[in-house]
Every structure is written in structure tokens, then in C-alpha cells.
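Paired with chain B in one complex and with chain C in the other, chain A is shared by the two complexes that follow.
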Partner chain A sequence: MNLDERIIGMIAQLSAVRRAEIGPTDRLREDLGLDSVCSMELLSMLAEELDVDIALEEAMAVTTVGGAIEMVRQHLGARADAV
Partner chain B sequence: MSALVLGAGGFLGLNLVDALLAQGVTPRCGRRRRSAVLALRERKVPLAQADLDAPDELCAAMAGCRTLFHAAGHYPRLSLDREAALTTGLRQMRNVLDTAAASGVQRVVYVSSAATAAPATGPSDERHLHACMPGLGTYHDLKWTMEQVALHENRVEVVVACPGACLGPWDLRAGTSALLYALARGLDPPHPDGIVNLVDVRDVALALVRLAQHPCPPRRLLLSAANHRLHELLAALAPRYGALPPSPPLSAAEAIRLADAEERRSLATGRRPGVSREIVDLVVHGVPLDAALSRSALALRYRPLEETLAASDEWARRMRFIPSPQVTP
Partner chain C sequence: MPSEELASLRASVERFARAEIRPAEIDREERIPTRVLSGLAEMGLFGISIPEEWGGAGLGLHGVCEMVATLARIDRSVATMVGLHLGLGTRGLVAFGSDELRAAFLPELAAGRKIAAFAATEAGAGSDLAAIATRAVEFEPGRLRVDGGKIYVTNGGIARVFTIAAATPGLRGAKRGHSLILLERGDRGLEASGEERKLGLRGSSTTSLHLDGVEVPIARVIGAPGHGMEQLAHVLSWGRTAMSAGCSGAAQAALAAAMEHTATRRQFGRPLAAFEVVREQLAQMAALAFAMEALVEQTCALEDSPEELASRSRAAKVFCSEGDWEICDLAVQLHGGAGFIEETGLPLLLRDARITRIFEGANDVLLVAHGASAGLRADLHVGPALAKAKAIADGLAAAVSRQAEELREWLGVRLVTQQRLLHRLGGLLVLRESADAAVLRAEADGTPGTSALAEHWAEIAWRRAAPLLEGPLPLDRIDLIASRAP
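Let's look at the complex of A and B:
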């Protein structure tokens, strides 16, 4: 499973939307129903599972699935393709 | 002080962690498997799995701690299922107190709610506690029930703090702040009218630390800086956000109907209700509070509302909950 699939899998754990229907352009709040607390839980899961330090302000700026993937990729840097 | 904070990742919990760190105490921070822990990770505090439904986790988390801050009392997302809320709240409270008593915890500082204050002829103080379940809504009944368990605990010392509506930084869930955020976004939030007891979350956090350190603390303490009528407050604050004055308040019955409909919609869609039933209940049944005991017993000086709002606004802007003011060249 590649990084994008792992992240979408985590999002699916928190959202009522089925995993197969989640895509990069989906908005965390409007399309997936994740309020601010759920979004923080998601980004906390990402931080812990992928061992990256994400600042809260940076996390709050993430609004889409693709944005979450991109943020994690930036934090992982060269590790992104290894996780 | 060796301390465990349950609910450390929440609004009050994060401010409590900061208050402890400011006093040189690094608390162990309880977290559930699914918790928003980014802010705790930033603080580099030790985290411990502490699901309130997992006594073994609670036991491991409390090991070696003499002080337990319990700021994780059950807060159901919706008020529709009162019986389920009461069952969960009672079970978790008993788990926490049973484990604390068995683990050698010396003092539990339990965060309840000003919702347990009963009406009086004047402002209510610590003497005015509902004698039986208030029956004013799920939130009131739940908080009263859990507080009764705490007050009747005799194996370990428990002190109960009853804060009013907290405002300030780190309100990720946007409880009381939701109405202010809506105003700041140029919306016209539907609201009932009634008494709200505002208090700066940082003052509440300091009060909790002092309750933990006090040689002979009061058993139950109200924490509230000032009483306001909600509609007057919103009208007074609208210009602060460049907003139009809010529409007149809904009647209590209208607000309850709206909140119930919103909660049913939330149940069906999984999305947050636009109006929360517990907020409506808190406002509609709000009573003025006299928190003089907290000032005298804990030497608390509550911050003025302006200072609280400044900190709350600054944080909410950084987190993009509310827009930043437009700068004109």
C-alpha cells in the first residue's frame, strides 16, 4: 500500500464516506464531514503513524485530502516513498 | 507534584497542561486511541493511553501519580440519547474513581460544570446544587449525575470544579466560542437568550492547579468571572467583528426545536449540528453565579472579558476559525 492509500485509509476510519469514494479533491469538512476536532484527530493519526511533527497551525490550513497528503509528503521528504 | 491529566488534549486540558508547565510540573497526559494530540506533541509532554472504558489503561496511566486532574468527563456529541449518555458517563466516572482509589492517587480534581448550579433567589453559589436530577436536558442530567458520584466518593479525596462557559485559546471544538466565530464570519447565528457565565479558560486552568495544591480546598467550587445575557453580549460584540447586530433571540421552545432538528440531521449525516442542544439548554436554564469563594479560597483574579476575547480572537485567527481583519492601505 503506498502513502496516498495509507492516508486515505486513515481518513476513511474517521469519515462516514466509504474509502473507495474518497479522492484527493475531497474537502475534509464539506465533503467528508470532518469537523475541526475530527480533522485534528486525523492529522494526529498521520503524525503518530508516520512519525512526523506537524504544527497545529499548519494542520489547520489543510482543507482537502490532497492537501493532507501533500503536507505529509513534505514532512517525510525522502522517506515518503519508503513508508 | 506528580500528576496525570485526563482530557489533556481538549480545550481545558491543554490550558491546564500549560498552567502546570508554567509552574514547573510536567504532567503525564492521558489520551484515547483517537485523540487530537498535535498540540500535546508540540509541548513534548509524556502521553499515556487512558481510555476511560479501559481500567487497565487507567491503572497504568495513574501509576505513581499523586494528583489526578479529570477533565475528560463524558460529553456526548449529541443530546438525543439521554439514557446512553448517563450510562456511559456513570460507567466512566466509576472507572476513573475506582482506579484512582486503587492506585494511591491522593487527590482528584474533577472538572464538572456550572450546569449543576441550582437557581436561587439571588446569584447562586456553592450552596445551590440541584437536590435531584435537574431534568433540564441530557447535558444537565449527565453533569449532575457524574458530579454526585464525585461528591459521594470517600476512598480518595475529590474536589469538584464547576466552570462556567470557557473562552480562550485552544478551543478546537468551538463550544461557547461557536457563536462568536459565527459572528466574526459575518453570519447571524440563531440563538436563545438567557444567562451565560463567562470565564477565561486560563483562569479555570490556574484554579485547577491551585485546587490541587491547596492544603484544605473547598469540596466544590464555582468558577465564573461574570454573568451576561447572551443576546446583549452578542449585540455588544458584533461591532468588534465588523458584523451587523444579531437578529432577535429565539424563544426557548423555538431554540430547543431547532437544536433537536439539527441533532437529528447530524445523526443522519454525521455532520456537526448547527445549533447544539446542550448550548441551548445551558443558555435557557442559565443562572447568575456568585463565584466569590473561588476568589477568596484560591486568590483568583479573573481576567476582564476584553483580555479573554483578545486572546481568543488571536488564537482563532491563527487557526483560521475567524478571518483576519482587512488591512486597508
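Let's look at the complex of A and C:
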């Protein structure tokens, strides 16, 4: 499972929206119903699982599924493809 | 409704309640007599929060809270039954229902000919409502089939109309997974059963709800399919605020009983109230009751700001339910042995208060959520109103903000998974909000009496905040002990 799939899997788990229906342009709040705490929980789970440090302000600026994937990719750098 | 009319309605409700409601009988019989239900319906109480065009009085949250608090001063089971109908039971339909759905159901609900219930909790979904397993599918165009089961349904045995939360993945193209659906007693496959025997609130009906292939038109979905969780947040804001008002009313009844008893009961040649330690407890109870009422008032004032209402109602629910328990417990204590005897009514106050710390969101879960919301906000500043407030409340507010900021800097996004830290932060925030509310109310009132109450509460809140500013005890030791506990 690649990084994108892992992230989408976690979003599906938190949002109770089916995995197949989640795409990069989906907005975490408006489209998937994740409130601010839930969105942060997602990013926190990612930070924990992938061992990256993400500042709260940076995480709060993320609004879409694609944005979450991109942010994690940037933090992972070269490690992204190995995850 | 103008404030004079509201005051007049409140006076009528209080007169009726004092004459007709007998708490000991309701507790013993485990039901609310029909004459009480009919009397409340005749006064229009079941319709006060329903818009006038559907037969109600169109009152907002403040009006609902006034009535619930008035009833709770006399009997908590009746207040819960009415509060549930006005809050969780009908609010979803009023706020989000289609005109057709509202026209079909609200007039009967407003008249009290039908009572409303709300069913979200399931055996596997308590505080974690996203885990709801009750499912509704569109089995043929325009028709829904609902299967599942609900537990702890307040008003379940007397309600004719149920708002239920169900998983509806993919319904009408909605990505989101849940919807609120209106069901009726009489819908084939719906059965309410098994009145629970409870520690308190025995007059309030609590049943399970079995949903076995219940088929209803898709028009019974409240609002847009898939938006159940955000609707639920709104409905819970109303429910929690109304419940806080009930806690405030019941606590005032307990305080009044304690004041009367300690003024008349003599020991060692003096009334109990002449003793310093007793007076200290009475002052603590009065200051706490004052802060509870103030927080409810200020929560009601946020009615038109959904996000702020959701946050403040969570704080009010935690603060008022804990405060209710504390005041009722102290009232029992101050009554001495008499406080343990059912006939005095004190044990009933205490028993009825206990559930409020659990239902409509267990307090510990709410504190973690409150801490998480606060942890995410960088704007926990001292607002303009607070600039005028007392130094103690300002000091507390500043300490809470500092704590939140330090945690944010230290943990970053990982803060939201640190439950024990969030629990403490939530607790600090609730104390801060209660002190703010008390001070602001005293400022608005401007009398020396309320000023003393606010100052007293702010100081108690500050002292209670101190241990929460300490770090939590070591988790490895806790885990070791908890895993070995018998």
C-alpha cells in the first residue's frame, strides 16, 4: 500500500466515508464531515505512524485530502516513496 | 414572546408544578402521572420551542432553559421528560426538517398530544457516535428500510415520535455516512421495550428501541441525507444547554433546602449556620450555583452562533452537572443523618443528579474534546469584556491560555491525541469559563451581593485550577497498577 492509499484509508476510518469515494480534491470538513479536532486527529495519527513532526498551525492550514497527502510528503522528503 | 409573558408562563408552570407534581410518588411509581402530562400540555409547555406557524410559542433556548430550570427545582424526572422533548426530541425536526415533515409532525408535538424522543446510543456506540450500526438503506426508490437497535432512549416508553441517528452510507449520493430520521410509534417493525430500572430519574421513561425492517418514505430523513453528524452537533448543543439549566435549577433547590435546614437545626446551642465550617460550605454552594446559572445564561446568548454554542454548551454541561452533584452532595452532608432518609427528599436530589455527569456526553469525554478544541485555538486571549473583569478571573484566563500555548508548542499536532493533557486543559477551560460567566453576570447585575458571589467563585475556581496546571502522574506507573488491578 503506498502513502496515498494509507492516508486515504485513515481518512475513511475517521470519516466513515467509503474508501473508494474519497479523492484528493475532497474537503476534509465540507465533503467528508471531519470537524477541526477530527482533522487534527488524522494528522496526528499520521505524524505518529510516519514519525514526522508537524506543527499545529501547519496542520490547521490543511483543508483537503490532497493537502494532507502533500504535507506529509514534504515532511517525509526522500523517505516518502519508501513508506 | 415578551419577557413579561415568559415570566407569567414561568409563574404558571411553577404554580402548577408545586400543586400537582409529587416527586416522592413519581420516584416510587416510576412514572409521571397522566394528570401532570395533561396539565403541562394544556399550558402549552410542549410547544414553547416550536415555531408559531406549527402551533408552538417560538421561544428560543433561553425560554426553554427557564422552563426546564423551573421544573427541575421541583422534580427532575418531569424536567428531563420536558427538556428532552423540547431539546433533543424536536430540535432536529424544527431546525432541519422539510416544511412537509414539520407540518406533518410539529402541531401534534407542540400540543403535547405526542411526546418526542431521541435515539442515538447503541450497545456498541455510546460516546463514539460515529460507530452507530443502525442502518437505513433505500431498498426501492423513495423507500427506506431501517434496521438496528437503540438503548437508553429517554421518553422511549411514552414517546410517539422518535428522531433516530442511523448510518446511511451513499444515500442519495451523500458521501457522509449518517442521517437523522424521523420514526413514529406504529411504524411496522418499531418497538420500544424494556423500561430500565435506574438509580435515579425513575419517573423518566428509559427504554430500548428495536428497529426490525422499519420501512418509511425517504421524506422522513431530516434535512439533507448524510448530514446527520453536523445536525447532531446542533441538536446536542440545545440538549446540553437545556440539561445544564435543569442542573442549575435542581442545585438551587438543594441549596435552598440546605440553607433552611442549617438555619433551623440547632446543635451545641446554636443553629448549624452559626458554625464557621458550615457557613464556608454554604458560601461555596451559593457561589457555585451562581456561576452555574450565569454560565447557562451566557450559553443561551450564543444561540445564533452554532460553533460557539457547541463549545460553550459542552462546558456548561460539564460544569453544571458536576456542580449539581457537588451541591446536592453537600446538601445531604449538611442535613446530617436526615440527609440519608428518603422522606426528606435529599437522597432523591442526589440520585437524580448522578446521571447528568454521564448522559448527553460523558463528562470525561467532553473534557477531552473541550481540551482538544481549546488546544487548537491560538486565540484564547482575554477578550474585551474580560478586560473589565476581576483580577482573579483574568489571572485564571491568562494561566489557561499560557498552558494551552505551551502544550501546542511542545507537542504540535500530536497534542490532540494526548488524552490526559487534553482532559486537564478541558478542565481548566471549564473553570475559566465558569469564572468569566460569574464575573460578567455580577458586572451586569451591579449589586454587592452578586459581586461577592462572583468573587468567591472566581477564587474557588482559581484554587481548583492549580492542580490541573501540574503535569499528570507518570503513565508507566498508572499502566502497571491498572493492568494488575483485581
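Everything below uses one rule, namely that the second predicted complex is superposed on the first by the 83 of 83 C-alpha atoms of A that agree within 3 Å, B and C clash if a C-alpha of one lies under 4 Å from a C-alpha of the other, contacts with A are read in each partner's own complex, and residues count from 1 in each chain.
Following the convention adopted for this analysis, contacts are C-beta pairs under 8 Å (C-beta built on N, C-alpha and C of every residue); 3 or more make two chains touch, one makes a residue touch a chain.
Predicted model only: the values in this text are computed from it and were never measured.
Colleague: Using the superposition on chain A, tell me whether chain B and chain C clash or fit.
Modeller: clash
Colleague: Taking the superposition as given, does A:L43 touch the first partner, chain B, the second, chain C, both, or neither?
Modeller: Both partners.
Colleague: Spot which of chain B and chain C makes contact with more residues of chain A, would you?
Modeller: Chain A has more residues touched by C than by the other partner.
Colleague: With the two structures laid over each other on chain A, which partner does A:E21 touch: chain B (first), chain C (second), both, or neither?
Modeller: second
Colleague: Applying the touch criterion given at the start, work out whether A:D53 contacts chain B, chain C, both or neither, answering first, second, both or neither.
Modeller: both
Colleague: Now for A:A61: first (chain B), second (chain C), both, or neither, which partner does it touch?
Modeller: Only chain B; A:A61 stays clear of chain C.
Colleague: Quick check on the superposed pair: does A:D31 touch chain B, chain C, both, or neither? Answer first, second, both or neither.
Modeller: In the superposition, A:D31 contacts chain C only.
Colleague: Superposition on A: which chain C stretch among 62-70, 188-196, 260-268 or 332-340 collides with chain B?
Modeller: Clashing stretch of chain C against chain B: 62-70.
Colleague: I'd like to check the shared interface: which positions of chain A are touched by both chain B and chain C across the two complexes?
Modeller: Of chain A, residues 14-16, 33, 35-37, 40-41, 43-45, 47-48, 53-57, 59-60 contact chain B in one complex and chain C in the other.
Colleague: For chain A, which residues count as touching chain C in their complex?
Modeller: 14-18, 21-22, 26, 31-33, 35-37, 40-41, 43-45, 47-48, 53-60
Colleague: Considering only the defined contacts, which chain A positions touch chain B in the complex?
Modeller: Per the touch definition, chain A meets chain B at residues 14-16, 33, 35-37, 40-41, 43-45, 47-48, 53-57, 59-61.
Colleague: Would you tell me which residues of chain B are touching chain A in their complex?
Modeller: For this pair, the touching residues of chain B are 34-39, 41-42, 172-174, 269-272, 318-321.
Colleague: Going by the contact rule at the top, pick out the chain C residues touching chain A in the complex.
Modeller: These residues of chain C touch chain A: 130, 167, 169-170, 175-178, 226-227, 229-230, 233, 369, 372-373, 375-376, 378, 408, 412-417.
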